[in-house]
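Below, subunit A partners subunit B and then partners subunit C, in two separate complexes.
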Partner chain A sequence: MASALLIDDDEDLRTSLEAAANDEGLGLRTTGDWNEALALFHVFSPNLVIADYNLPGSEHGLRLLAEIKSLRPSVRVILISGVVDAAQLRQAEDLGVVERVLSKGDAVATTKALLEEIRRAEETFSASSDWQAVAQAYVQGRAVDQGAFEELDAALRRQAENRP
Partner chain B sequence: MTVATGTRTVHASGDRSNADTLSFEPSARLQRYLGRELIADPNLAVVEFVKNGYDAGASRVWIRFELTRSPTQLRIADDGTGMDLEGFRKNWMRPGFSAKSPDAPRGVVDRPPNNDAGRRQRARTQVGEKGLGRLSAGRLGKAVDVFTRKSPADKWLHVHINWSDFDDMTKAMSDVHIPYDFVDVVPDLDVQLDRGTVVQITELDVDWARRLPGRPAFGRSRTRLGRLKQDLDLMLRPLDLADTDFTIDLQSDSIPEDGLLGAITPQTAAQTADYVMDFEFGTDRQGRPQVKRTLHRSAEIARQFGSSRSQSFKPERLDAPSSKSPSARPDELACRPFSGKFLYNPPPPGQRAKADTFVAHGVLLYRDGVIVEPYGLDENDWVGVEARKAQRQGHDLVQPATFWGEVHINRADNPALVDMANRQGLLENEASLEFISHVRAEFDFFERQVTAELEQRWEKPEETAAKTARTQLSAVTLMSRSFAHNIRQPLMAMGTQLVRLESVASRSDLPPDAKDRLTEIHDSLTRYLDRAQRLVAGYAETPEPKFEETRVAELLASVEAEVEPVALAAGVDVQFVGARSSQPILMPRELVRAALGELILNAIEADRPDGRTALVRVKQQQDARDLVVEVEDNGSGIPGVAPGTPLSDVHVASTKGRQAEGIVNVAQVVAYSRGTVRVLRSDFEGTAILLRVPGRIGGLESGE
Partner chain C sequence: MSRYVYFDTCALARWAEGDVTTPTLRARHGRAAVQTLLGEAETTLGLSEVTVLEYSSVLAQLWRQSEYPEHDQAWADRCLDALMGQIASGRIEIIPVPPKAAEQVMYLMKIAVRDRQIALRPWDALHLISATAWAEQLGHDVELATCDSDFDRFVNAFPYFRRFVTILMTV
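So, the complex of A and B:
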């Protein structure tokens, strides 16, 4: 299970941060896609969401984070960005949408700060066994059912178009 | 009533009508009106004869003025198909009839003969149509003799017309008897003419060699003969492109102007025009009307304003006007496709251009490659350039005297655009009004494009440079931020890996040697990461071009702190020498700091011969007003750079890649700061670059 969710379109960063978290015995779920991020959020209900500013599928990270925040106000949200300047970072914090904004401009410091955030999230994570069961079912089911889903989808399309 | 009365008057001189009908019986004087009144300009009358020669398949037209003899004479000869008596009777002697007209009934029009002239005639689009050109002879002189034949085997048909015979208004036109005979020779032309037509006009009505009265028209010759030469040049210009087998040979026994030949022609003018805009009206693939435009600039204009030499605009749909054409214009193209170009040479600011820098005409209209009068000729302002100038009370930027152009239509594509019978313009109809509106809207578009650039001419050169630099800096800022974002992604991942490495290196179960080695690797990589991140930060957080009071000492200390770790990592000794002034000066502090840093970083990274200890010296020169800093390295020098060369002109082909970009940035920053940055020297012993940023800038205040 994971207490934290990282949403970033950079695969290298996702892999590295996940490995760094695992090195320290921390769980981190990652994705580069906005829609999948929402699904993972619903299933795992992480305490912490870390998101890049620019994400495929959403206009930008702020909008995504605002939506997540509206779904569950208690979640701690961190924005990381390689493009937002210092003034904008402060502005984003002032908006109250996010708890913290970190710049990718200082990679080591930001990594350490994120690991610390993930550690804290892990400590406070109190997922119920039911939640874990549902989450596990989602992961397994998704892996198994993907082909079946495609098949069903194709069949329904054929049916709608009156094709054999 | 007037008509009926007139008819009755003529009727009295001879009863030719039936009992129950009336018919016009034109007075002989009508001939005078047609020739003298409808062909308003003698130049155009000559051009009409040239057109006739062209239509007759001539390869050459000779124009000979004999102005010193008495009576004066003009001979216009062509080697076209010529006419026999029957052809002359059907065509020449029937005003208003034109065998060239598409309306001419079959059978009436003679087939072109099977010779060179006939083949040329078939290949050409006929340029005359109304059958009025022949009457223009009456505009030129007292009498005309026409010599014509179709074959060398024939004698020349000679027709003599004395125009005074038509002065009697009580006489019907048909009552004026025109004598003719057949002769063996034609008037002397210095050429052997086998066939064709010679028109000899005697007792010329105007003095072609005399200077024209009134205010001189810019670009127009002061004499009528000079203007005729210009008009013929204009007429021939497109023909030269479409049909090279046609030449006009103009000669005169009196040459009123020196350098008449080789005066300004559209060709030479077009080659040197500062602005040329081509436009093409047509339809897109969906059949919607549109206009496509391309603006070309001379090298000098492009350089001066930092513009591109050729700029293609996105096709503009006429049925969906864009903001680029806010002026009212038709949203249809009933006049059908046409094209054209505008040319403009802005006169130097603050100086009246000499007459020979002006062009001879406005926007000319060509149909099938032949000029349509009177558009753009003399005072004709059909595009409304002069009118706009008057409206703006002299605040125009496109000055009519140096603006010209051409618009091309043709009979096949633009059937609705037809001439008035008097050769004085297009017949006014919906299509022609729309056509003119489109051309005027194009001028409006052209003027706005040109004006936007030329307004900068009134600025001081340093202000123009600063504005250009600011625009370029803005573009650089956007690009830099984009690149910085992309580069930060892998750097972030690298930082994360370094955290992992740090974690591993700190494990207590590792052997001390391994631990030290990992720590060393970690520290080394961290230094490189720091350096990379600082560089990226420089691009990502490009400072605002904001002028601030700045103390030079603080600025240099800031730069020194920035470059120090880089110098240490690269093993280069960077020395800051000279007095550090505490005098505050006004400058875009962050930009200058970045530029100076960039210069020093370039000096640090300069290629050096093997064995040479790397050294960079940053020296502030004494100057009470300005920031003056010399950056000197002991590298191998920049090949081919002379002392005094502005840094913006220095091409640095660095293997490190970033140097060239950095130098571009420095040049832009300094230009924006109204400063200079030049190479003091560059040789095998090293390179010295002098940066000067002025401390006081007129009209600027801190915080602008």
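So, the complex of A and C:
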């Protein structure tokens, strides 16, 4: 089974993370497609989902992560981006939709940080659900400020659309 | 060619129901289908502890409520022994339920109704999750033997499950 899922159209990142994860025997699935990502999530229910902000031909990563989080609030989600500025990434984190935001500025550092996250997801994959934590995640998920989320999502979309 | 079959409870319930002198047509066909699978030496058979629990529940329910006088304690004991014998001999493997399956069940039930307005019962979702995990571990398609058409409806609505599991209707 897959303890982690990476959704990114950056093939280099997918390939390098897959290779590193395989070397360590970690369960990582990757895809560059939104619909495939949701399908993989439905089937494998990974503990960790990492998504790029810009996913071609689909909704943006923030919405994908929000959908995943709404389905299984206890899942740890990480948003990564090479185009969104640090303040907006932080805003996404503050909203409570994602647990962590990572800029792709330094590819080596990003890969290293993600690999560490995947290791942690693998460690807890075989454990039973911690229902108190699951329940807390459900309650916190309901408390996300939808207005602020829509505002941030709209701003990020405009920004992405205006990029050359 | 290797073949892997996972039993959901419905398939085995018919197998048990058919273990009487004059079974219904449905029970007779269901029993024959399971007997055929048990007899296929090249077919690997599996079920999860959920199947065992549900099967025991079905036996108790039929013992209590069935119109068939033959569905008595001796019948229930015989049917449970028959299943346990298959497990004890290794003919049927116990497939583990993934550790956080309950959380997955919750959202599969949600997307079933939200996205397709269809029903998915929790035990059925657990069977589907277990069979899918088995298929992934094997690197091979698993047939989910059932007499419940809800499974077929669900995997048709969410076809990516078909990459791992095909539905084998036993009645």
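Assume the second predicted complex is superposed on the first by the 125 of 164 C-alpha atoms of A that agree within 3 Å, B and C clash if a C-alpha of one lies under 4 Å from a C-alpha of the other, contacts with A are read in each partner's own complex, and residues count from 1 in each chain.
Heads up, the rule we're going with is that a contact is a pair of C-beta atoms (placed from the backbone, for glycine too) under 8 Å apart; a residue touches a chain by one contact, two chains touch by 3 or more.
Every value quoted in this text rests on a predicted model; they were computed, and no experiment measured them.
A.B. asks: Once the shared chain is lined up, is A:E116 touching subunit B (first), subunit C (second), both, or neither of them?
C.D. replies: Neither subunit B nor subunit C is touched by A:E116.
A.B. asks: After lining up the shared chain so the two structures overlap, which partner does A:K104 touch, if you call subunit B first and subunit C second: first, second, both or neither?
C.D. replies: Once the two structures are laid over each other on A, A:K104 reaches subunit B alone.
A.B. asks: When the two structures are overlaid on chain A, which partner does A:H42 contact: first (subunit B), second (subunit C), both, or neither?
C.D. replies: After superposition on chain A, A:H42 lies in contact with subunit C alone.
A.B. asks: Quick one: classify A:D23 as touching subunit B (first), subunit C (second), both or neither.
C.D. replies: Touch status of A:D23: first partner only.
A.B. asks: Counting touched residues of subunit A, say whether subunit B or subunit C comes out ahead.
C.D. replies: Subunit A has more residues touched by B than by the other partner.
A.B. asks: Which residues of subunit A touch subunit C once you look at their complex with the stated criterion?
C.D. replies: Residue positions touching the partner: 1, 39-40, 42-45, 47, 71-72, 74, 125-129, 134.
A.B. asks: Which positions of subunit C touch subunit A when the two form their complex?
C.D. replies: 98-104, 106-108, 110-111, 129, 132-133, 136-137, 158, 160-161, 163-164
A.B. asks: Going by the contact rule at the top, pick out the subunit A residues touching subunit B in the complex.
C.D. replies: 10, 12-13, 15-17, 19-20, 23-24, 54, 80, 82-83, 85-86, 104-108, 110-112, 115
A.B. asks: Flag every residue of subunit B that touches subunit A in the complex, lowest number first.
C.D. replies: It is residues 481, 484-485, 488-500, 503-504, 526, 529, 533, 536-537, 540-541 of subunit B that touch subunit A.
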